[in-house]
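Next, two complexes with subunit A in common: one pairs it with subunit B, the other with subunit C.
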Partner chain A sequence: MFFFSLIIGGLASGSLYAMVGIAIVLVLQASDIPNFAQGEMAMFSTFVGYWILQQYNVSWWSAVLLSLLFAAVLGVAVQQLVIRPLLGRPTMNLVIATLGLNIVLHSLAGMIWGNETHIFPSPLSDALPLNVAGLTIPPMNVFIILVGVALILCLTFIIRKTRAGIALRAASQNQAVARLMGISINRAFAVAWGLGGLAGGIAGVLVAPVLFLDTNMMGLLLIKGFAGGVLGGLNSLGGVFAGGLFLGVIENLMGAYISGSFGEALVFLLIIGVLIVAPEGVFGRVRTRKV
Partner chain B sequence: MADAKKHTGRAVVVLVGLVVLTAPFWMSGYPVYVLSLVGIFGLVAIGLNFLTGYAGQISLGHAGFFAIGAYTTALLTKKAGLPFVLSLPLAGVFATAVGAVAALPALRLKNLYLAIATLGFGVVVQKLLFEWQSLTGGGAGLEVPAPRLGPIVLSTAGHMYYLILAVVILGTWAALNIARTGSGRAMVMVRESEVAAGCLGISVAKYKVIAFSLSGFYTAIAGGLYCYLVRYINPESFNIHMSITFLSMIVIGGLGTIPGSLLGAVFYVLAPELFRGIKDAPGLVFGLSLVVVMVLMPKGLWGFVGRLWRRA
Partner chain C sequence: MRFKSGRRFASICLTVCATLALLTVLGSAIAVRNASAADTIKVGYVGPLSGSLSLLGQSVRDGILVYFAHVNGMGGVKGRPLELIAEDDGYDPMRTVAATKKLMEHDKIITLLSPAGTPSTVALLPLVNENKLPMLFPYAFSHALTNPTKPYVFTTLTEVRVQMHVLADYIVGTLKQRKVAAIYQNDDFGHDAVTGLEDRFDALKIPLTKLPFDRGTTNFSGIVAQARKADVEHVVFLGIPRDAALVMREASNMGWRPQFSGHNALGDPQTFKLAGQLAEGAIAVAVMEPLDSARPQVQEFLAHQKKYLPKTSPTTYSMHSYNAAKIFVEALSRIKGKEITADAIVGALDTMRNFDTGLMGPINFSKDQHAGGLYNAIVKAKDGKWHLVTPWTKAK
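After this line comes the complex of A and B, so read on.
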């Protein structure tokens, strides 16, 4: 029984990793930039939601909706203001720019809302724990897993079937040809950053009620998001999702059965081991390159 | 015109050299300590630049090498009773070996995959230091006494400063030579194209291992010096943020250049010191300056200096 509740808890935290991972991969696939500011962007938008809840007498859902809107707009704004002028530069420069942005957002949030811990209300605070076959499951865990699955389905649909998604895929495959087909690269990238901001923002408002709300809450989640994405393979959303879930579960199991504090190190050893065998992640395709 | 330019260049070099050489005589303890930190992080930057700037292999785990250097030096001196002059290079040698092992995943991994694998290396080292309490003291940290060079005890900030300065000068000289001779050029070739490097008879695997080892060596030496400058180390400080700041240091300074490495260290240590006066905002200003430097100076500070110089 204990084992199964560990699995469910792992799936819930894994879904959060997966959402951050998906946010990162959306941006990475489109514009080839590992966005290290993704975590703090999500933290910032969650704070905006919290602020709306505090200031105005609105329901949890509308506050969160506004926060997610802000997250998407922030994604687009970052792309237009910081990333666009840097396009064509070496990737490393872009990485450092997003790291700088990460620090900026972190200290800005600290200046506005303080560095103390806030309590972010949960939408399911009244719901009773679910009882399935003698197993007590916190409703928030179920909610997180369901949102994760819904997010991956929606994003896959958007990317596969809608005009914006097709434009996005074209732009990420070959910019020159996409431009010749009348696709605005800039708009496609903006869509990717907006969707990335949205996915990160969803992870933010889901993790805040579970843990707490403070400026550091996304730091570890960002790294786990990257790690889960790398584990699954960065070139498919499904792979990233699976990688995140796997990471969450394995981390929970190792933490419980082997060593609480050394569990994290073991997880990374495992990731390194997996990468040595499968250098592009478990579900990744190894790109063959003509010389 | 060209003559005037040459003279200005020389004057700047001489002036900087004089300031650096005489600093402990007219500066108070804290600025000397800050300059010592610049030297230490300069060594880290040179080491990381060999790996990332020259050989093109990203690392988000260099805090691990830094920690290995700090702890190995401290433990060899404190627990094994070796003299500091011996334990410091031994720590470097140990990190070189660790670097060679850490290079193995790099033989197959690229970009973000390599970044996460090296990040994992850093996490593993940090957790090991936390958990191996009988050896490292765990989360309580480790205090070290003032180092001795034979009969001399390096007790003041000035003493440590000159020791660090000597190591930095030696390290820079060696780095400049490595960079422009065979190994350095081979690394650049590996960065530019592994296939082309292979076709020229450069063993890609060998030079990746060399780059990791060399990088580990420099970073560990810096770690050993850091330990004895600060006199107290704790596994907590060797975290992912440290690895990330190391990386931003070399990109800000200039990837693949030795002077750029030192300039990046200067920026990394001095910028937050300068912004300390601005209330509540050192992080904000530092983060903004990272973005601004990247937008305005694509080749980092050293590239910018070069551009100014050519225009002048």
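After this line comes the complex of A and C, so read on.
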């Protein structure tokens, strides 16, 4: 029983890592840039949603939709204003830029909305825990996993079947040829970052009811989202998702059966171990390139 | 000296006059600055104004600002206004030391008032002792601050080890509970707290289940599952109210409701805001009056914060530093003569007996005893407020 409650709790926690991981990997896959500002961008857009909910008499769904719209626009804005001018420079410059943006957004959110912790409501706030075979399962986390799966399916459809998605894939695989085929690289990347922002925004409004809304909400989730993504394979959305869930479970198991104090460190040691054996992650594929 | 032309003579005169005028203006400007600088009493503050503990750092700073605004509004101390210079250390002890050096050398502060952060203030001990800088009433819980007594360091917040003695006595003596788990931050603060619990439990041969977590973690499900597996009836939580609320929620999700308790930070309205009904029945150690106490000085503090910093909310953090500023100003006013020096401040504090700010038990300092807040009580959560359930008693 104890073992199963650790698994359930781990999946619940892991679902949050998985959502953040999707947002990061989407942008990484499309533009080869790890967005270290993803967490704070999500936090910022969630605060916008919270502010709309508090200031105006609108329904929860309207406030959330507006915050998601803001998140997508923020993603495009970051790509146009911060990333685009630095394209062509060493990747490290871009990484530092996103790290800097991370700090700026965190401080800006603190200045605008203060440092207190708030309750962010959700339609499932008052839902009772589900009771399955003697185990209690929080409904919000089940919802998060379902949304995550739906998001992956939608994004996969967009990337595989729509013109914008195909353009995105072409741009990420070979910019020169894509340009020759008439694809606007700038527009493709803008779409990628907009979708990444949107995915991050979705992660934000799902995480906030679980972890409470404050400027530090996404702090550690960014690292865990990344770590889960690395574990699962950074070039597969499904892999990232599974990696995040797995990370949550492993955290609980390691903490309970090996050591409480070193739980976090052990998890990362495990990830290093996995990467030594399978560098592309558990579900990742090695990317081959024709030269 | 003969000049080639009248024009050259005029231009030289003009240059000399302009230079003299400039020097005079500069000189008086410097003189004015020095005079007004000499008038202001400069006090320093360092704490986590950014990062995960920014609410703590900013709220503690705000409490000082509120009291200083109140005092300055009444003409200052001995006719001199109080000025607070606040620096951010992001809860990083290395930055705390650097910021304090800047405050000492550049801003020439006379005192470091209510710095926030347990590891940060411990890191400052060598610096303040060496430079004879009074470090007064930090928002910190470390045993090292007053053991042994440091000449320039004074505290009002009962160290967490002593708070845990009080709590352990209450758990065993009054609640008669013997199956206890401690869920605590895996840092100096948490370890100090657990040491306090073990001091009492080991003597009574009661086992304590220890479950540490890294600050910043979002996953408490494993820890709560472990506490439940250990079949405990009482969980002592040692961390910030937000994390306490997450733990309470995890337990509730599992259909488990042990007795919760915590140190003084738990006894904050924030716990109700976040945990709601789940906080009902929880207990906490109180070092100061609850924020909704009827005592007039507490009401006055709430009114002052609303007046001077209307965009902020009063918290137990800001009440602590408001209280700290009150004691500091009292010490300043007890100094005989016009000159305010570090030694004069320390001298005034060393002779402070039974000073009642109205916000906590009476403060007592002496040359050998710089831990002024030795009175504690237990508060219990009922109907969304914290109520005193024991009288203020001197900790053993």
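Couple of notes before you dig in:
Methods note: the second predicted complex is superposed on the first by the 285 of 291 C-alpha atoms of A that agree within 3 Å, B and C clash if a C-alpha of one lies under 4 Å from a C-alpha of the other, contacts with A are read in each partner's own complex, and residues count from 1 in each chain.
The rule we apply is simple: a residue touches a chain if its C-beta (ideal position, glycine included) is under 8 Å from a C-beta of that chain, and two chains touch if they have at least 3 such contacts.
Bear in mind the structure is a predicted one, so any value in this text is a computation, not a measurement.
Once the two complexes are overlaid on the shared chain, A:Ser107 sits against subunit B and subunit C alike. Residue contacts after overlaying the shared chain place A:Glu264 against subunit B and subunit C alike. In the superposed model, A:Thr136 makes contact with subunit C only, not with subunit B.
In the superposition on chain A, A:Asn115 makes contact with subunit C only, not with subunit B. Once the two complexes are overlaid on the shared chain, A:Leu28 sits against subunit B while remaining clear of subunit C.
Of the two partner chains placed around the shared chain by superposition, subunit B is the only one that A:Leu86 touches, whereas subunit C remains out of contact. In the superposed pair of complexes, A:Gly182 makes contact with neither subunit B nor subunit C.
106-107, 110, 261, 264 are the residues of subunit A that lie in the contact sets of both subunit B and subunit C, per the superposition on chain A. Of all residues in subunit A, those touching subunit C in their complex are 2, 5-6, 8-10, 12-13, 16, 106-107, 110, 114-117, 119, 129, 136, 138, 211-212, 214-216, 219-221, 224, 248, 251-253, 255-256, 260-261, 263-264. Within the complex formed with subunit B, the residues of subunit A that make contact are 28, 34, 36, 82, 85-86, 89-97, 99-108, 110-111, 223, 226-227, 230, 234, 259, 261-262, 264-265, 268-269, 271-272, 275-276, 279-281, 291. Of all residues in subunit C, only 50-52, 54-55, 58-59, 186, 210-214, 216-219, 221-226, 228-229, 241-242, 245-246, 250, 253-255, 270, 273-274, 311-313 touch subunit A in the complex they form.
For subunit B in complex with subunit A, the residues that touch the partner chain are 52, 58, 104-105, 108-113, 115-117, 119-121, 123-124, 126-128, 130-131, 195, 240, 244, 247-248, 251-252, 255, 280-284, 286-291, 294-295, 298.
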